[in-house]
Amino acid sequence: MESLIMILVGILASVGTYLILSRNIIRVILGTAIYSHAVHLLILTMGGLKKGDVPILSQSEGPFTDALPQALILTAIVISFATTALLLVLAYRTYKTNGSDDFHELREMPDE
Amino acid sequence: MKETILLLALTFFMIAIGLLLYRSIVGPTMPDRAIALDTIGVNIISAIAIVSIILSTTAFLEAILILGILAFIGTIAFSKYIERGVIVERKGDS
Amino acid sequence: MLNVKEILEWIAVLSVLLASIISMISAFGMIRLPDVYTRSHAATKSSTMAVLACLSGAFIYFWVHDGYVSVRLILGIVFVFITAPVSGHLVTRAAYRARVPLAEGSGDDALKPVLFGDEQTSPTITADNVDKHE
Amino acid sequence: MNNLIVLPLIIPIITAVVLVFLRDQIVLQRIISFVTMGFVCIVSFILLNIVQTEGIIRLDFSGWMPPFGILFVADSFSLLLVLTSSIVTLICLLYAFSMMGQRYEKMFFYPFVLFLVAGVNGSFLTGDIFNLFVCFEVMLLASYVLVAFGGGKRQLRESLKYVLINVVASWMFLVALAFLYGSVKTLNMAHIAQRVAEVGQDPLITTVAILFLIVFSLKAGLLLFFWLPGSYSVPPTVVQALFAALLTKVGIYALIRTFTLMFPLQQEVTHTIIGIMAGLTIIAGCMGALAGRDVYTIATYNVIIGTGFILIGLAVGTESAMAGAIYYLIHDIVAKALLFLLIGMMIYLTGETVVKKMSGLIQIYPIFGWIYFILMLALAGIPPFSGFIGKVLIGQGAIEAHSYILLALGFASSIIVLYSLLRIFLASFFGETTISPEDKKPIPKGAYTSFILLAISIIYLGIGAESIAVYVKDAAETLMNPSIYIDAILKG
Amino acid sequence: MKINDVILRTVVKGVIFIILTLGVYLFFSGHNAPGGGFIGGLVLGSAIVLLYITYDLETVHKKMPFDFKKVAALGVLLATGTAVGSILFDAPFLSQTDGYFNIPILGEKHLTTVTIFEAGVALTVIGTLVTIILSIGEDE
Amino acid sequence: MTIDFAIILIPFIMAALILLFNKQLRKKYLGWIVLIIPVSLFLILTTYIPRIANGETYTHTYEWIPAFNLNFTTYIDGLSLILSLLITGVGSLVILYSIFYLSMKESLHHFYCYLLLFMGAMLGVVFSDNLMVLYAFWELTSVSSFLLIAFWHHRKASRAGARKSMTITVSGGVSMLTGFLMLYVMSGTFSIREIIANVEKISEHSLFIPALILILLGAFTKSAQFPFHIWLPDAMEAPTPVSAYLHSATMVKAGIYLVARFTPVFGGEMVWFWTVTGVGLITLFWGSFNAVRQTDLKAILAFSTVSQLGLIMSLLGLGSVAVHLGYSADTVIYTQATFAALFHLINHSTFKGALFMMVGIVDHEIGTRDIRRLGGLMSIMPFTFTIAVIGSFSMAGLPPFNGFLSKEMFFAATVKILQLDVFSIESTGILIPLIAWVASILTFVYCIIIVNRTFLGKIKPDIQEKNPHEAPLGMLISPFILITLVIAIFFFPNLLGEYILKPAMASVYPTFPSAAEMTPHISAWHGFNIELLMTIGVIVLGIVLYRLLKYWKKIYRIFPQNWTLNAIYERVITTSENVSESITNRYMNGKLTHYFIYIYISFVVIVAGTFVALDAFSWNPRLDAPVETYELLLVFIMIFTAIGLVFAKSRITSVLLNGVLGYSVAFFFVIFRAPDLALTQLVVESVTTALFLICFKHLGALKPEPSSKRVKVSNGVISILVGATVTLIGLAVVNYEKFETISTYFENSYELAGGKNIVNTILGDFRAFDTMLEVVVLFIAGLGVYTLINLKAAKKEGADIENK
């Protein structure tokens, strides 16, 4: 399972990278979104997969699966959500003011 | 045996999700996608229920409810978007 | 031998299996049916059925197996039961208002003149250009 | 336990939130934010002195013993940086008061600055690697908003690039964190260090360390500085100054901390790579500074050169080089802030960014001009100003470690720094003035005060280097002997 | 032309209570079961967003005249406030305490300061979520 | 505070006072007030002469940065005394001169302030024992001379000259600093005295020769030695008093001082001997050779300064051979070169100072310094003429002026060195006297040019119209004092030798037992020997060459214009600027995509490179948890979705696909027993998808990428490499099981923190701090979104102070 998820993570990272390398703002932002999916899975895998029960004491006697990565991912999810929200709005404002969503075109636009 | 059946059911759900995914990618219209996604959501609810049975834990039952809520809100938002082009209206007495 | 508990568990499991099969069928319907309106039948009706069966199965299973009566599952069932028709309705209506065409051979569309007037020549949105229209 | 340690982080946060409620009372906002930063300065100074007598102190949040909980660790190195950055922020605020404009101030300018400071201070103080990530994000989120503060066309464009590159950097950070946790199964930096030492930093851990190197290089502008010139030239002047003073420094801090505490055992691999990267950074920075036709380009590439120079200290890795790196880091925080404030003022006064289109500023604004002159000398490492002692110590360390190429690059870069800044001085400050008496704008008092205060700091850091030598020595010693840090955390 | 939303609004009126209940439940169950301040806040926030979707900005704003930025700020203050509070009792920053209190009517209850902390989290999440949606919505 | 410390400090204090009380001081008196400083300093310093002559030295230490051995140690010995006397003595005269020279319209307070700064810095250089302090003052002289040269900064040439001198001298300073640091690393001390005392210990060190060369570079740039001399002629843009001060007596002598100071350290090395002597001789020749062709009086003097500095430098080089040989009765004779160097150092200051002041007078009264426009001034300005004649003749090495004495000694030294057979002098040594002799002839030629073209011949008509007259008395005082010295030294050279040069010799050769032995008796007539013959040859050939000047001047045209050192310097600078610009603009092209490519390539190369190079990979799939069919299906769904995203043609599809990915991740969270995560991921993903939809609606339609196939393929390769790096390291990490995780501790969450949901107790208690900051992050994002949307760019009439 771990190897499978690692490969999945790799593929997600590749796709994310490919999207980030494109010129369109939308694709780039989607790339970052895929990145966050990939890394969340990655962190989760680092604690070992399916090695124990749901980490809630009332539900089982143990052994429990590693709870720490889960806590980390929760924090990471929130942060990536916050960042994405800001990024989206920034992209939207950039498009509104500059009138283009192509990074190469954006570069060539005259200032102000 | 029960476990095997449950896994089989889970696999069926996965296949269903895969098919719906095809529909949501291909479209061809926005409502198609909305419906497909709504259905995907519903299927995931079922899948989560099955996983809960397999893992014999009740920890995921909240997820079922939440997914239901989200699928609902999502579909409403989507249809509103299709219908009116905006999701949150500034003003209106419609 | 089979006791009541065992039987009930089997019922739960089988209802889950049934649910998965229904869901598969509904998914095939989503693929095969010709237009959005017909597909929405497949989706809303049979999928709701599937999820209800599945959740009920899960409910029974937990009840029997762990002696755990899950309010959340009941709540979930109720919720899906209430909202599924509404969302189906809204999407289909939105589709119609967005002028997604009916499949060929659907018969007369009596609503069209009422809703959109007599603009026969108005460009209908074809399946292909809906996205571009956004 | 010493709850003082958390104050440099928590006080700005709480104040920032309170300021949100005081949105329309701008004067009150100013007073509160100023008092807050002053308070933070005092607290960090007290802490710095406590550390001298009591050694490294730590605060285990909620009382959970390391390595299980999160903790703040205060050693001389981090506190020196906290103190310097807080003082610089305090002075930059003075500039902001007179130059920012009410429209900006109403849009939560001060809260964002305070959040930025909180993130920076948190990054300096934390002893938990994941918490470092979170503190980085606090800082970055605030910086994302600040870099786009104003919403001009070019500004938004560059901000978008800045944000995207940093998002990718943060992703890499998370990947590195995942690998680190996956291999050593702990997050406390001291504990990581201990465990890494146990296995003698085997190849896999070194690879993870290199991944961290990439991550922090992106933040510090070490070789991967592509985002820097664009994004540092668009926001309002104060923000530029704060960015130049703080943001890259946090990356440098993280690099130094990581490679002295956690992964110090494979120096022939890690430090060689750092050395190569630092060298290339300096070369690229020098080329950029030479190529610059406008003040922003010259200034931003100077930031890059500064980064490369400090990291030579890390790459060399002797104790004197480390002390030099710390000195230079402190100097760079102050000097780069002043550089950007001055340049912002030049542009404000003349309305131009191209060096050759300005002329004769020193005739109208003599003090302004001389402060620039002093800054120029300080940045070039000319004694007795602040850059000198750091430069000498890094050079000494490089000789001790036989890193002659880095030494040559580092010292040559100071000539290029001087040359590029001299060009601005000769063209823009000297010569006949082009500003007609009617167009002459006065420099606001607040701005002048901030210039003078920063200039005094630069002179003081040079002439009075002895006064902080005891802290710097202690910091360098702690960095060179990670066991001091580890013992302070894990024993007792 | 007007679009009739009667069905939607009727259903939402009922559904919203289910959502709110769930949100509150998740918020309180956090310490022993899945849930907690963050997810509770998100659910409650989604409920408010649902209201905005089914009605419109002005109508909802009349009923809920909050500045959601300040709600979020209040949340942060609560969260940091409990953290700072521990300093006053000379305990390490962020120390949480709990205890069994005898509250009239409700009887003996287990209360922890974590709940206040989580409440802060929840408020922030609600405030931020709604602020983001509204800021974008109002800009159109 | 002792006097020697005060001597350094007083000029700085005065400079500060001038700036502070600029408004209160009347411009008229400013110069006179300033004059008090150097004069009194000079008088104080003269009191040291007898004591120093007795062989005493004075050391005082003030702590500056003792933590790093940087202490302010002053050290007064014979060598520093010579220089300090020159600095204050010539300084007094120059200030006196400039009181009359500069008009009241100039910003005099700046001028005097810079001049005092410079004076203080020079005194600091010669009195410092600590290398770092010496370096500090060294750079300060560069900086203050920069300010002096750029004093008329509205003139473009002034700025250019200032920039050039600053760049070159500071570069030399940096190299010198490096050398100093090497010395420190070798010896462990910054004190020059201690280094000299321990020279045997360090001379075998591998850094010894590099340090030597680096320090010499510093000295050469400062003393305008070939090929670094190019800054000096350009520095003539400074006001003439500045030139008289900096370029005759002080700044350029700092390099000489440094070489003399370090002779005891490095003198024994062959590299030192040949570099110092060779560079000195080349400079001597090149300076005099170029001086002949100049038409600007000041330029002639500039090149002549270069040339004379080369002379002194080569003498120091010749003298260093004595250090190598060590003390014996036979070797003492070779120290005479050094003696001559120090002697000429003083002589040069006197006559060159006078000459500069003379040029200043001419320029001031006539309005031009171009010898093609001058002529016949003898009758108008007889006093100035006298100064010019005496100064020039002394420089040309004619009796009865002091230049004659030192020049004779120079010739003697060059000839004497031929007797040695160390350092392979026997093979190429003959060049030494030859070059010296040729250069002296050229020196003679330009000396004649200075006198003849300016003062003899006919007065040009346009000058006649201006009604020129002799300079005011005030301006003549200073050069006359110098001229008097020129003659006085000729007649009483041994006074100088006994009291001033002897102790200096002792400091250059500390290992030699007797300074008196190294102090020859100077006499104008020393027999009919080869030196005298050479001098006669110089005079004869010089006159001949001057007469034939117009015939052989053509050889200057042999050198192509764009291959002069100046042109090369300019070209190097412009080329490096242009090359930098084109390279920088090439890779810093503003394209985000490219930046990402650089980042990813670095990522792959460095990380994967290390990974492969260290052979860190390991993989053991047997440790893995089993895979169920539905999980495999889910993985495939995710892969297809992800790949579908790459090819998606509409915004909505992309967003929805991303949502599907998010939901699948949530489902994985379910499978991997993470209920809290699943909940959060579900909600967050939905909200994110909604945000995507809302925002993307406002962005343009998703067009197909306009990139070429090649770009796509290379992007694809990079992407795959990134993914592969992550996967491979991930696989290795998964199988890395050397440590127990710390999270077992958290399984006691109920006892420890009173919660049964472990994840939640971690978030709310064990790692509550993360949660708190995460809340802050969220809040910043919310507030930021609000700000971003509501803070639009200011309109033109915006009331902001800062309009960008």
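By letter and in written order, the chains are A, B, C, D, E and F; residue numbering begins at 1 in each of them.
Methods note: contacts are C-beta pairs under 8 Å (C-beta built on N, C-alpha and C of every residue); 3 or more make two chains touch, one makes a residue touch a chain.
Quick caveat: nothing in here was measured; it's all calculated off a predicted structure.
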Contact-graph distance - origin chain B, target chain F: 1
Chain at the geometric heart of the assembly (C-alpha centres): D
Greatest separation from chain D - chain, by CA centre: C
Selected interface, B-E versus B-C, where C-beta contact pairs are more numerous: B-C
Most distant chain from chain F, judged by the mean position of its C-alpha atoms: C
Rounded Å distance, chain A centre to chain C centre (Cα mean): 31
Inter-chain centre distance, chain D versus chain F - centres from mean C-alpha coordinates, in Å: 26
Cα-centroid distance, chain A relative to chain F, in whole angstrom: 50
Shared interface positions of chain F, touching two or more other chains: 590, 592, 596, 651-653, 671, 673, 675-676, 679-680, 683-684, 686-687, 690-691, 694-695, 697, 726, 730, 733-734, 741-743, 746, 756-757, 763, 765-771, 774, 776-786, 788-790, 793
Where chain B touches two or more other chains, by residue: 10-11, 13, 15, 17, 27, 30, 55, 57-60, 62-63, 65-66, 69-70, 72-73, 76-78, 80, 83, 87
Residues of chain D touching at least two other chains: 13, 17, 20, 61-62, 130, 134, 137, 141, 144-145, 148, 151-153, 160-161, 164, 168, 175, 178-179, 182, 187
Chain A residues touching chain D - in the complex, by the definition given at the top: 20, 25, 28-29, 32, 35-36, 39, 42-43, 45-47, 68-69, 72, 75-76, 79, 82-83, 86-87, 90-91, 93-94, 97-98, 103, 106-107, 109, 111-112
For the chain F and chain D complex, residues of the former touching the latter: 63-68, 70, 132, 135-136, 139-140, 143, 150, 153-154, 156, 159, 162-163, 166-167, 170-171, 174-175, 177-178, 181-182, 184-185, 207, 576-577, 579-585, 587-588, 590, 592, 594-596, 598-599, 602-603, 606-607, 610-611, 614-616, 618, 726, 729-730, 732-734, 736, 738-743, 745-746, 765-770, 773-774, 776-777, 779-781, 783-784, 786-788, 790-794, 798-802, 804
Touching residues (chain side chain E, partner chain F) in the complex: 26, 30-39, 42-43, 46, 49, 69, 72-73, 75-76, 79-80, 83, 93-94, 96, 98, 110, 112, 114, 117-118, 120-121, 124-125, 127-129, 131-133, 135-139
In the complex with chain D, residue positions of chain E that touch it: 69-70, 73, 76-77, 80-81, 83-84, 86-87, 90-96
Residue ranges of chain C in contact with chain B within the complex: 9-10, 12-14, 16-17, 19-21, 23-24, 26-28, 30-31, 36, 39-40, 43-44, 47-48, 50-51, 54-55, 57-58, 61-62, 65-66, 68, 70, 72-73, 75-76, 79-80, 83-84, 86-88, 90-95, 97-98, 100, 125, 127-128, 130-131, 134
